[in-house]
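What follows is a group of structures, each given as structure tokens.
Each of the two complexes below includes subunit A, the first together with subunit B, the second together with subunit C.
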Partner chain A sequence: MATVASRVASAARTWRSTYRLSDYANFLFLVPATVFFVGWQIYPIIRVFVLSFTDYKYLERNPPNFVGLQNYINALNDPLFHVGMLRAFAFTVAFVPLTILIPLVLAVLIDRVTTPWLSSFYRIVLLIPAVIPGPLVFVLWKWLFDFQIGPVNTILVEWLGLFTRQTAPQWLGGTPLSLPAVVIMEVWWGLGYHTMFFLAGLAAIPKDLSEQARIDGANEWQLFWRVTVPRLLPILSILVVLRFGTAMSVIDEYLIFGGFQRTSPTYTWTVYMYDLAFRIGDWLQGYAAAIGWLGAAVMMVFVVGMLYVFRSRD
Partner chain B sequence: MAVTIRHYHRRRLPTGLIAKHAVINLGVVIILLPLIWVLLMSVKSLPESYSTNFWPRQFDFSHYGFVLTRIQTLPQNMFNSIFVTLATVAITTFCAILGGYALVHVKLPGRMLLIWLLIASLFFPTRLLSLISIYEIQRQLGLLNTVVGLIFPYVTLNLAVSILIMRGIFEQLPHELVEASRIDGCGPWRTLFLVLLPLLLNGIVVVSMVNFVGVWGEYLLAVTLTNDQATRTLPVVLASAHSGMGQWAYPRIAAVYVIAVTPGIIIFALFQRLYFKGLTEGAIKL
Partner chain C sequence: MKIPHQTDPNGTRPTLTRRQMLRLLASGAATAAGGALLAACGGTAPATPPGSAPAQPASRPLTPTFYQWIVDLHPAIPQVNSSFEGLNFQIAPVQGFGIERFVAEAKNKESTWDVYVGMTPFVEMSQLIKADVIEPWDDYIPKDVLDDILPPIREECTVNGKLYSWPFLLDVIGMAWNSNLTDKAGITTVPTTWDEYLANAKQVVDSGAAPYGATYDARGWRSLAPFTHSMSTNVYTPEGLFDFTSEPAVEALILMKKIKDLANPDILNEGTTDGGVNNTPDEGAFAAQQVAYYTKYFNAPLRFAQTGGFSDKLRMAGLPRFANSQGGTVFWTTGACLFKYGQNKEKAVEYMRALTYNQQIWKDSIAGSPTAHPGQLPPYKSIYAEWEANKPDWMPSFVALVREQFERARAITNHPFGLTQFVIGKPYWEEYLTGKESDPRAALQKAKDAVAAEIAKAG
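So, the complex of A and B:
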């Protein structure tokens, strides 16, 4: 075993240390991916960055003028941008803990199911939402939350008797409940995928470890906090950062749920950016670009901060 | 060993055991209920669709026939979705195999830098930020409002993840295999296509699934880059069909919905064994 490992290591070492000119020919493998990356990701992002310093309006014929930092200054004084950022944060703060904790509990429970067919049944059911594309999930939940035919209200009114047909909650259309509605939907969507994520992490925890802890007199609660959670911490922290990123830059579900109503809690900075770039006036893409970069910069500050806090210390 | 565990459960955790299965099954019900609801909606009669009955009194299967034959643009929309998805999945998987191979099994200067760039791109709101200029690029290339044009931005959506997943799969393959193949006289290209390709099945399944799910339902780019009913994809049609009247009466949209969601679930059911295997080998490690 050791000899194999050392042989692989030495092979890897000689492999890395000497590059010849012909090795650069191996970049050919990356050409197809690079074409797409450069054309539809790297160049557009740089281009958007350049635009953010101009007064570029898409539908205007005059060439754009360089305006320096004016767009950024305007954005920082723009109440819609402030509100938009706050709304995105509100969603993130509600969504991220739920979408991590609920699947974590579910995964810990399913991990203990010892009947093979039952355990694989649960796993298959859990992954069903993960194979339904996001926007199709959003469309489905828009119907589920519908005031009249939606089963969410049917359950609240007819099954649980919490409301009458008249006082039933209005989930959609920019009411304050639109935000919890999106949160519920997003948690549902991520339920299976995140549970699978944790199950894979749990499978890597040696079974003797929890057995030993039980023998030593640990109860299930202690076992969870002292053994399971520390072992899952790497997966947990990476998931927090990734979900923070997706939650802050959510847009499809806001467009499908709330549209472009400025008073809606779903009108976040992303929707505002889209509104500016493709709908308002002459399509104020220069300003929209500044909003986009500013929002992304705020996100990155948090992401880098979290990665720093969560860095592995061993 | 198994005996002691079972004994342990019986002695101390009968309520715990029940609670455990109750919680799991609650999760299962919460996941399945919305999907069962939409399935039942698609077989309700038109008048009943406005009632709040969960279980239809009378099954009416005519809506599937109606949407496929009487909504004129729908076959076109379905074709658009299928075409864009197949093309994107094929191209992305191809790029990801080559990319993953390059990052693991051939000499590549600056390899770690590339890997870090790919990982960093996962944390950045790329899709959102690039949107403004993708519109401009598509117009300049004459790809605006075309179905083919959607393929280009779609490939990039999950390309970084796909390459990283394939990298994880390639790392499972022993270096000795590559060495042996090289000693036998295969260049890096022949090694990849003749020796390694058959061993990548799990990874190809996972990458295809990730891209299928990402592209089959993509909304933001599709709604921004296409305009006409004839160039729209299924998710855009479904998201805009909210009146609940006429050809878009609820059971009919529900039928379209079931048609749109079923392929993913069937593909997943067929490949789930390979998918789970590939997921644990490649995706979790990233």
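So, the complex of A and C:
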């Protein structure tokens, strides 16, 4: 027995010494990730940055000229950029609190369900939207919000009698209600996903903390604000920062719900950037790049501010 | 690049030193960064002399690419394809008129495809020419085919004397109505003027036959332009832009407001596919039999009557005219362009000829197939001549109507802003339609100024 064991150990030593990689050669394994990172992250960022200082027009055959900060100056004086940023903020202000608070409350409620099968059922139901592919979600909500045949208007008009067919809400097509319609769809879509985040956070809170607080006379409200929320703060901060970034840079949903209509509340700075870069005239990609960088800079300022607000105070 | 090797201390296996590894990564990064800077600063290829790309032997089978809707509406296309052995048939990446992939490939002097079937001249032809993506058909198209194209269509497809679009499907803007609803309203006359049209539409609403009397597609090239043409087709500036402040355009806008008052309330909203261009509210209202009268290219009422299940009650006629005007409308063709850096150019000609002269395609288009009824017409004189000589038993009366309308129609002038001028101007002229601006001239002036500002921005 001892002989077999020593043979195995000896073979393992031989294998390790034969096939041991040099510490430096381990860098080789970083190459795929590095190539991907440089090619798909760093390169586009550099390229867009350089473009933003030129008058590059995609359909123009002549080489672009260096124009310094002119694109940035033009963008800062462009009313469409201003209003586009304001619209993106309007969406973000409506979307981020709802997409954080509703899942938080739901998670707390589900966390208290003590019947295992019922708890699992709730979780599965909530996760259904998260596993539906994006195009199907868009088709579903376009149908729900349809002015003529949509169930939402059918309920409002025929069941509740709140409107007539003529005065029924117009949710789609760049109307003032298009932005709230996108908010509703997005909150629904992310509900299960965000709830799971919070449920994971809740599972990490020691149960005796709550029990001790109850013994000390804390009511449920105080328990929620003084015990649960502070312990969920790291998850909360991650979600707020992530959702802020995605909310400010939404584009697909806007194009589907509002098209390229410039007066639509869904015509934000991202749609304007796309419009300039791929549709209008000679495709002003230098100018569009400057708008992209300005939008990104504004977002970065807010993200830094949020990271400061949510910083660890331990 | 060959990776330099070094034997490891045991002398058994080659390894890489940190210095070598870093050198390798640095050279890769420098190549990428250098490429980025070069591409960004001098990104465009040097100007290519005009003319065809150097002829190269074909290294692949003929590779046409189609806009998806054409394949959906014309089920006989596979029949044509089957007669071209090895044909590499593809669907184009052009959702919402996006041509960026074509342009990107042309910049690298290459093309995945040989011919694109789906180009509408006023929408994207000028841009494709400017970006050196396509080349004229003139060196390849047989003279008998060229001479067979209806003259206004040939003019539409020509820039600087060169034919850049091989026309395929003809669309003309006209009028349609649901006779279920007009019969209920007790209407027996076909409106030929806009005043009669409005009176009939009002009668539909007043009688309760339908909630709405009339509708249109609010995108300018489908309503403002054709309504303007119904008074005069001479409404383009010398640069080729639509003259928003011309008197016919003003009258057209006033008319649009009158129709809007009798229309489905969401009439001005954007569509929900293709960047707001398609799946528009008028289509839903007409298909749902909520509205009686409808003005759009003829294939729209044909398709949506089929969707709504009332094809037998669909009636069509020419676009009404303003009193004391000659009357006119808008037409456009959807055709094929030849990629400059594509291959198989002679084969592409053979294919386009087979496609555009295929009788089954035209029968399905005009008489309808189990899956679609687009009602789009051919662009060739000889096909009409043949039909006139031997009228097919499947030929419906609307073909003569569309032909008659076509004679009075004009295409929207080709220009890099041919389509986008209507997208840019729409919010401004709609201020009059929504009551925000009481003066139609002021609203249209704002639209004109907005387009001019955008053109100035483009330099």
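Everything that follows uses one rule, which is that the second predicted complex is superposed on the first by the 287 of 314 C-alpha atoms of A that agree within 3 Å, B and C clash if a C-alpha of one lies under 4 Å from a C-alpha of the other, contacts with A are read in each partner's own complex, and residues count from 1 in each chain.
Please note the rule applied: contacts are C-beta pairs under 8 Å (C-beta built on N, C-alpha and C of every residue); 3 or more make two chains touch, one makes a residue touch a chain.
Remember, it's a predicted structure, so these values are computed and weren't measured experimentally.
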| item | value |
| --- | --- |
| Which of subunit B and subunit C A:166 touches, first, second, both or neither | second |
| Partner touching more residues of subunit A, whether subunit B or subunit C | B |
| Touching partner for A:47 - first (subunit B), second (subunit C), both, neither | both |
| Subunit B versus subunit C as contact partner of A:62, first or second or both or neither | second |
| Touching partner for A:27 - first (subunit B), second (subunit C), both, neither | both |
| Subunit B versus subunit C as contact partner of A:268, first or second or both or neither | neither |
| First (subunit B), second (subunit C), both or neither touched by A:71 | neither |
| Which of subunit B and subunit C A:228 touches, first, second, both or neither | neither |
| First (subunit B), second (subunit C), both or neither touched by A:260 | second |
| Partner chain(s) touched by A:99 [first = subunit B, second = subunit C, both, neither] | neither |
| Touching both subunit B and subunit C, residues of subunit A | 19, 23-24, 27, 39, 43, 47, 51, 58, 142, 148-149, 255-256, 278 |
| Residue ranges of subunit A in contact with subunit B within the complex | 8, 11-12, 15-16, 19, 23-24, 26-27, 29-30, 32-33, 36-37, 39-41, 43-45, 47-48, 51, 58, 105-106, 109-110, 112-114, 122-144, 148-149, 151, 154, 158, 188, 191-192, 195-197, 200-201, 203, 214, 220, 235, 238, 241-242, 245, 248-249, 251-252, 255-256, 270, 273-274, 277-278, 285, 288-289, 292-293, 295-296, 299-300, 303, 307 |
| Contact footprint of subunit A on subunit B as seen in their complex | 2, 5, 8, 16, 20-21, 23-24, 27-28, 30-35, 37-38, 41, 49-50, 52, 54, 91, 94-96, 98-99, 101-102, 106-109, 114, 121-137, 152-153, 155-156, 159-160, 163, 174-176, 179, 188, 209, 213-220, 223-224, 235, 238-239, 242, 244, 250, 253-254, 257, 260-261, 264-265, 267-269, 272, 276, 279-280, 284, 286 |
| Touching residues on subunit A, where the partner in the complex is subunit C | 17-25, 27-28, 31, 34-35, 38-39, 42-43, 46-47, 50-51, 54-64, 66, 142, 146-149, 165-168, 170, 172-175, 255-264, 278-282, 284, 287 |
| Residue numbers on subunit C that touch subunit A, as the complex places them | 8, 10, 12-13, 15-18, 20-22, 25, 28-29, 32-33, 35-37, 39-48, 96, 98, 100, 103, 127, 130-132, 211, 264-266, 268-273, 275-277, 281, 284-285, 288, 290, 416-417, 420, 423-424, 426-427, 430, 454-455, 457-459 |
